[in-house]
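Below: a set of structures, written as structure tokens.
Both complexes below contain chain A, partnered by chain B and then by chain C.
Moving on, here comes the complex of A and B:
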């Protein structure tokens, strides 16, 4: 059953924290609604980027309403952060245990993030001034909690789009280009220790 | 969920670090479900979950019968190493003899188990669908929770119903 808890987001030009809500289990309708809200904003941003002869984000074509059918399976769960009824970020998790590729942890269960995206109005490159900062951080935090709760020991894994490599490299281990696929994406893992550092800001 | 959250001060720092980043991630090897930009044949998509269903079925059924791996290996006269591989390695195809012995010890229908284990093929869409759904629902966590017990029971029911159907024919 879906539940909500408070989680704050950061205002872009100050230290003010704004109260939002983390929803730990979204419905298919939630994803469709998020897509309907995000698509026009993204489209406007793409038009502007085109006119300015700037590159488009690599995930410009994503459509969360098309990912909604994944929720027919218990193997997937989608979380989101909402503020005043608008979805600020989405994350699709696979609850099918992946296997760690990190040295010393090889074979241990790892929580795999299938998709993660922040709302277009929270991305500086798309809108100039983002509405909120820290949506991606909050989603990673929620993934870490879920990983612990579900017995994955806090371990998280994902494939990053190249535009996001630098963000994940701050908190996770970059295991390089994934030779098992041809899309040229890098594979990242957060170990249990890295999870604690991510959440506590220091080595335990 | 347990309270595993960062302090406000640390969050402010992390949020500032995120500023200017494009945060996105994409899954590459979906076992199930629709994926934008991909169009696989149902049979191709189904194969891996079907074998995964076999691993999971053996593991859940063993646990539902309250058997340890060692006990089941001994009772079924199967090497413990092989049982470990069956439950843990979705690419491993066990010998038909092993499947027979496990099926009889776990009281599961042999023909369906041979198909799930990769030893036989079947054009039975119902079995494939049931296996895919079972695999999709069941490998979530280590503990056998209520959802998983339900999934196991539903899947065993399909297997048994199929067995009854075969006998009637």
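Moving on, here comes the complex of A and C:
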């Protein structure tokens, strides 16, 4: 059974905070609906980037409707942030604990983030001026809190696409390129201590 | 953010050996015994579904260049 709680997003170029809802357990239908809403916006933006001979975001091909079947299993959970009925960001978690690789917590349970994406209208590279800022951080906070709830001590981990490395490096430890990962992406972990600092320092 | 209201309680009967294994994993992973059991259930459900579809599970030792299929009768 999913629950909702308030969270704040930021309007760009102002101090205005916008109240949104963090939904802690999305359904397969929620993912399909989000995809149907995001796809045309993303496609339109990609056409423009192509005409302007500019690069595309590395995750341009992600299709959340194809990830929906993961939710048939207890091993996965998807969270999202919604504002006025529109999904502003999605995050797929693996609820089967990974093994931490970080010194001081090696082998301990860690919550792995499979996918994290903000809606295309919130991606600067796609639309120039995002509609809302802070979606990624809010989702990362939700992952850290869920890790605590699950008994994983707030430890979280993910592999980052290169364009997102700098974002995750602000909050997590960069453990370098991971040759065991199929795409050879960089592997990041947030320790229990980093989680504490991250959640204490969060802004509305 | 917790689903505590939707959780149910049950009694689990384990042998001494099973309890020792549970406690060992619990310590090693820094997880409660309940969390370990929930982990096992999540993994079991996922493996069962994929094996039922005909997929195979392998363990690989890169250092020894060994790869073996894990036979699970689940």
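Here, the second predicted complex is superposed on the first by the 200 of 204 C-alpha atoms of A that agree within 3 Å, B and C clash if a C-alpha of one lies under 4 Å from a C-alpha of the other, contacts with A are read in each partner's own complex, and residues count from 1 in each chain.
In this text, contacts are C-beta pairs under 8 Å (C-beta built on N, C-alpha and C of every residue); 3 or more make two chains touch, one makes a residue touch a chain.
Remember, predicted model here, so these are calculated numbers, not experimental data.
Undergrad: State whether chain B and chain C clash or fit side by side on chain A once the two structures are superposed.
TA: Clash: chain B and chain C overlap once superposed on chain A.
Undergrad: Does the superposition put A:73 against chain B (first), chain C (second), both, or neither?
TA: Both chain B and chain C are touched by A:73.
Undergrad: Is A:124 contacted by the first partner chain B, the second partner chain C, both or neither?
TA: A:124: touches chain B, not chain C.
Undergrad: Now for A:109: first (chain B), second (chain C), both, or neither, which partner does it touch?
TA: In the superposition, A:109 touches chain B and chain C alike.
Undergrad: Tell me which partner A:96 touches in the superposition: chain B (first), chain C (second), both or neither.
TA: both
Undergrad: Taking the superposition on A as described, I'd like to know which of chain B and chain C A:153 touches: first, second, both or neither.
TA: So A:153 only meets chain C here.
Undergrad: Scan A:1 for contacts with chain B and chain C and give back first, second, both or neither.
TA: A:1: touches chain C, not chain B.
Undergrad: When the two structures are laid over each other on chain A, which of chain B and chain C touches more residues of chain A?
TA: The partner with more contacted residues on chain A is B.
Undergrad: Determine, under the contact definition given at the top, whether A:21 touches first (chain B), second (chain C), both, or neither.
TA: neither
Undergrad: By the touch definition above, which chain A residues appear in both interfaces, chain B in one complex and chain C in the other?
TA: Correct list for chain A: 5, 24, 72-75, 95-97, 109, 142, 145-146, 149-151.
Undergrad: Write out the stretch or stretches of chain C touching chain A in their complex.
TA: 1-3, 5-6, 28-32, 34-35, 39, 41-43, 45-46, 49
Undergrad: Using the touch rule from the top, collect the residues of chain A that touch chain B in their complex.
TA: 5, 7-10, 12, 15, 17, 24, 57-59, 61-63, 66-67, 69-70, 72-76, 89, 92, 94-97, 109, 112-118, 123-125, 130, 133-139, 141-142, 144-146, 148-151, 154, 158-161, 163-164, 166-168, 170, 178, 180-181, 183, 185, 198-201
Undergrad: Going by the contact rule at the top, pick out the chain A residues touching chain C in the complex.
TA: For chain A paired with chain C, touching residues are 1, 3, 5, 22, 24-25, 72-75, 95-97, 105, 107-109, 142, 145-146, 149-153.
Undergrad: Enumerate the contact residues on chain B facing chain A in the complex.
TA: Against chain A, the touching part of chain B is residues 1-2, 4-8, 10-34, 36, 133, 135-143, 147, 151.
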